[in-house]
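These notes open a run of structures that come right after.
One chain, subunit A, appears in both complexes that follow, with subunit B as partner in the first and subunit C in the second.
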Partner chain A sequence: MKWLLMFTLLLSGCVQPRVLERQGIITAAGFDKEGKQYKGASVMLSFQTTGSSMSEVIEATDVTSKGVRQDLEAQTSHDLGSGQIRVAVYGKELAEKEGIYPLTDTLQRDANIGSLVYLAVGDPSAVDIIKSKKTEDTPDIGTYLYRLIEKNAKTESVLAATLHEFIAHYYDVGKDPTLPCLTLRDGKPIIQHVALFKGDRYVGRASLDESFYIKLLASGRNVGIKDVPLLVDDISPLIVKKRGKKVNIVLNEIRTKRNITLVQQKPTPRFQASIEIESEILETSTKLKPITKDNVHILERAIEKQMKKEVERVLHKLKSYKTDPIGFGQIYDHSVRKLQLTPKQWDKLYQDTQIDVDVNVSILRTGTID
Partner chain B sequence: MWFTKKNRVDDVAKLLAHSPDFMCRRIRCQGKIVNVLFLSNLINHDHLQQNVLAFIHEQKHVSIDELARCLPIGAIRICETEKEMASAIRDGWAVISIEQEKRVLAVNIAEKVERSLEKAETESLVLGPKISFTESIDTNIRILRQNITDKHLVTEKVEIGERNKLEVRVVYIQDIADETNVQTVKQRLSELRIDEVIDSSVLAQLLDDHAYTIFPQYLLTELPDRLAYSLMKGRIGIFVDRSPTVIVCPTTFFSFFETTEDIYLRWTMSTILRAVRMLGIFASIFLSPLYVAVITYHYEVIPSALLLTIGESRSRVPFPPVIEALFLEFMIELLREAGARLPTKVGQTMGIVGGIVLGQAAVDAGFTSNVLIIIVALSALGSFTAPSYEMGATIRILRFPIILLAALWGLIGIFIGVSLLLIHLLKLTSLGRPYLSPVYPFRFADIKYSLIRLPIKFYGERPKTNRPKNSRRFSWREAMKRKDLDE
Partner chain C sequence: MKTPRERLSINAYLVFFLVHTVQIGLGIVGVQRVIFVEARQDAWIAVLLSGLWIHLVVFVICQTLKQTEHDNIFSLHTFVYGRVFGWMVNAAVVVYFLMAYTSILLGYVEMALTWMYPDFPLWGGALILVVLTVYALYGGGFRLVAGVSFITFFMAIWIVVVVFQPLKYAEWIHLLPIFEATPKQMANGVLKTAYTMLGFEVLYIIYPFVKEKERAHRYAQLGVLLTTFLVAVVTVIAIAFFSPKQLEVTIWASLSMFTIVKFPFIERFEYVVIPLWLLVILPNLLMFMWAMTRGGKALFHVKQKYLLFVFGPMSFFVAILFKRRATINEFIDQVGWYGFWLSFVYPFILYMLVKYKAWMREKKQ
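And then the complex of A and B:
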């Protein structure tokens, strides 16, 4: 019996080995749609026996996405392995017209691919982003894009989503995904915008400035620095010499609390969104009088006023795109008893939703100046 | 039966296989003929001349009883038969027979060959006593008695070996060691039916609970302080004549990873050193199998920063990872074995040649990847951190089946290996006591004796694993109180 069991195990244990150096390891992939054809590109690491390693980009065009994969396989002597994939980039056109859910779904179903893959939108084309040769110190574009998105999502105002988050938000009622939007500047991929999605479709984009508020309201996470333009009239007691109409203040956020509550359900939903920011001043565009305990409130109130204006503008923009990345729908769903919110219901309600914004800024430090 | 002088000596000579060094010194004294029989290779000649021959010569009245009373020698024995005489002579005694007397007198003038006391070689310590046991059981017992002055120390003598008799001493502290353990040891020793036992390591194998396991079940030590420590904690020691190592039992898996240095050093260092040792052992068993599994099946778990390094070094190697790993492991084993067999001076040179030159050449020639060289070297180092030589060897061998499992089924194979190993360890016993204690059966209070080390004040109780009759060592509170009064 013991031996029988052993032999069964030995004979059945024919898992296909995937030896490291026989794999064409894909670190990033891009998909585009051109007319009726899918276009795909992936970065493949090729290990060099001498000298430093190189990455190679292979491209293919076909009518189906599986066909693309087949074409790609035909171009290399290695087995294409997607286990090390870090970033998947989708073309703007593809995301706008078809939605990217079917493509993300295949990634999610592959057990070799982790769900911490970053997704991004390539504007205008994903393949061009993948083909870029400018990767700073990293050997391949996949690692570069991964580090670019990871760093900006962690410390800056970029809203990024991993495969897991994207799919979760896709299925969530009352919350839409957002992805970083990559563009080429002098041939180097950078993050210039944040792509807004409705379901799995690209509907518009927000600047990084706007994304600051979206991220703040959506997650309450650390969102980095923010440039706030203030009207000179608002802070006139602090001005030394009046010149121009606006003064730019750069704030570094230290601690943020945000709270969104549903205050009224009928006839139309009404939310109270309050943001409390504790921050320090990093830079001012003109010279100000010394900021003391007595006059700091002038600055604080002016910043609050400006921020409130900007938040309202962003919320209005989101509403016009019919997208809800902040998740008001979720809050609505949670706050109303015995309600199974459907996407259709929320679409209708969202247009009539009123959001009162209350910003509370306190400046803890004004920086060390003599 | 009537003896004549002549045929009696002949009979004894016959029993001693007519050994050429068998001698019979005949002296005429007070009109009587006195025969002194001995094996000249075994005795101390100065002793013979000054204390035996000269003494007999000076006697006014010579008889066996008189000699037995006055001879200035510690160990004497009266013998009657030739067989007894022959066996005494074989032990290096001299037999004195007097004309017309049936009984003879055997006196111990043996001179045993032994080396002087030296520093411990296999279990070397940085801190603490350096002395180690030797091949002579008398010396060893003497060293032990110097180490333990407890009046309850018992050293029971058992003789084993049907042809080649061997003296074995079972030592324990009577009011600490568990009665059952002592009885088990004694019973197993008395039930041994074997012609001869060469060394204590052989005896340890004869006393094993499980003959087919790869794990050693008894600790062998050459350090008197380690033995004394174990005895005071309720274990039993078995001395074997002609062997410099002492068997300590019952033993647990974790005691193979302890050294007495853990007690000599302060508790913080010891805890960290024990953790380092455990990590080393763990790495030693699992690093190479993990390499094989990951490179063969699971390239997706390699961190992206390492991916290129590993990929580049692997791309030069023409073999599958498992062949590569087995080849390198075999090379290291070869180096170790060759180093152990060669004389010390040559061994060192060979270590350098083998380690540096061969390793570098193997990478340059594209036989192995340099990542694997690091891994194999690390795991070899890890196995050498085991303070017990036996356990170190076990761990080195354990790696091979797990590498094969990893090559067959990847990480799943490794886990199959770990599970089988764990099941096996759980089933093992040493002297009928669980091998994996204090982890299973879980004894919280004993963890401080095996996995970690705490400040001395927490060691007021003896480890429960040894089932001591008397578990109390000291009370920290009382010890501290006395100090307060002095102040």
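And then the complex of A and C:
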């Protein structure tokens, strides 16, 4: 028995050791397609015995996406480890022409990679974004992109974009994924748009302003700050001095409730979407009269009117792209008994879907002044 | 067969831990997909139905055993079917335990290799587990099995708290509409829960070892209740967490959900869960191996200890025949199907046969 135990202990040495200094830890990867060639780049973080760490970008080009991986491996003396990958960026052209599911499949299949990897679209190129040297105070681009997306998804109007959510929405009938769209400004990657997908294909983009409503309707989660332009005529009792046609009000969302129900199934689906926003005013572009109990409703109604208009515009835009990131199809599928909705069926129904929007805004606070 | 000596018997409350830990094992890690394929979003109802059914089965098992109090399934078989035919049925039961043991062995090793050690050989993992079981049972015996299930229960139950973390990403709409599954789909769903819920049939063998027999039944029911509850919870969470088509392709849904869990001090929680899961399957391995040798004793009249060295290597060699994920899957399905008939259906038949035989004997006298 003792011998057997000894043997068992010895066996544990069979697993390949991983020496930290020999590891090249990939923190971000980017994929592009140029013509017929795939282009890939990844940021490799390696640790030196002196104590500091070093990040380096390696690039490769090949005719298949798997070939890129091999080429990357051939370019370094370190063992490439994918367990710490934070962000995967896909070029716009690649996402538009081929779809990114085959590439995300690799991430998903690999047990080393967690489900909380962020995905993003690089406009126009993913490799350029990975190659960017401007990373604020973080040691490498992977960590910078991760924090950038994390912050914006948590508190601002970018929809969450983890691998898990992308895959879940890709598979869900009647719900399409969205990803943050990264662009370079003065060589620094920023989020300027939200990329809209149909299945795994990029179909268009929405501004962050539009994305506010998409996120609001899709998840009801924290959506952050919203600038609402109001017509002066709508809030005339509040105006001190009339100047210009529009007044901009910046709202900070405190709590949101949204509710989407299917009210009519035949002949065409009809949804009732109601949004209740509790908010505070952060900024007004012109001086307003003090906002009190008596006149706050004027402002609230004006904001509601404007928001309703904007929501309807966004919904129209989504329809024209034939994408459904809010998940009306999902609600349809799960509200109707004995129905296995297919993507094709929903594509057809979606175009005729009618969505009634009802916005209810209440202003809880106006900052430290009225 | 005589009631085992006092020294070898266990307290009734341990039946709770024995039944519960032998039920919970490998199945719960990936059961969601299997049921979901059959019963869709009503999968969790299938789990509850299956749980209800098991409560009934446990009741029947205890009723069967109550009649003599010192019989186990093997001596009952000899009583009901006679010497020759009974021997064959007993052999079939032992083969079932061997299959169950091997499937757990394989399933766990495969999981550990996929997630943690891709270049470690399968036979190495299997060998470690077989040696561990043989070593533990050689020195211990039944009371050790009871002790291990008691301790590992408390060492692993806290994982339940973490299961709720993925709820952040849950979309409850996936559960609607409720009761959409047809009776046929539901029945298939219940059938597919079998592998996960199996294990309570060891009651047939441990019952004679319980000191306070009248309380064993109650504790067995409690163990089953907890199992059903846990399996139902992970099923509901998985349905909400994954989208339908995604769940259909996720092999270890519970583990994949753990990839969401993140603590400031540990980033990848599944690397904690997988080694810890050895504690969860250890009672299964020990219990099934012990049950196997107990059956072997009835078959060949050899000391249980020596049989360890027969059944241990045997399951090892069966295990290393498998290489591919697909065949392992098929094997596990097979065990589930076999186990379904043995544990979900057969107890009723056995109960009636025992009743009938006892009645016949009385009439003769």
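One rule holds in what follows: the second predicted complex is superposed on the first by the 352 of 370 C-alpha atoms of A that agree within 3 Å, B and C clash if a C-alpha of one lies under 4 Å from a C-alpha of the other, contacts with A are read in each partner's own complex, and residues count from 1 in each chain.
Methods note: contacts are C-beta pairs under 8 Å (C-beta built on N, C-alpha and C of every residue); 3 or more make two chains touch, one makes a residue touch a chain.
On a predicted model such as this, the values are computed, not experimentally measured, just so you know.
When both complexes are overlaid on subunit A, subunit B and subunit C end up sitting side by side without clashing. In the superposed model, A:Gly114 makes contact with both subunit B and subunit C. Applying the stated contact rule after C-alpha superposition, one finds that A:Val19 touches subunit B and leaves subunit C untouched.
Of the two partner chains placed by superposition, only subunit C is touched by A:Asp172; subunit B is not. Within the superposed three-chain model, A:His164 lies in touch with subunit C and out of touch with subunit B [touch as defined at top].
Looking at the shared chain after the overlay, A:His334 reaches subunit C, while subunit B stays out of its contact range. Overlay on chain A (Cα): least separation between subunit B and subunit C is 5 Å.
Annotation: subunit A residues 15, 83, 114 touch subunit B in one complex and subunit C in the other.
Put simply, subunit A touches subunit C in their complex at residues 1, 4-5, 7-8, 11, 14-16, 83, 111, 114-116, 164-165, 167-169, 171-173, 175, 327, 330-331, 334-338. Those residues of subunit C that touch subunit A in the complex are listed here as 41, 114-117, 119-121, 124, 127-128, 131-132, 135, 138, 169, 171, 173-174, 176-177, 180, 241-246, 256, 259-260, 262, 267-268. The part of subunit B that touches subunit A in the complex is made up of residues 294-300, 302, 304, 307-308, 310-312, 314-317, 320-321, 408-410, 413. Here subunit A touches subunit B in the complex through residues 10, 13, 15, 17-21, 23, 25, 27, 45, 47-49, 53, 81, 83-84, 86, 112-114, 139, 143, 146, going by the rule given at the top.
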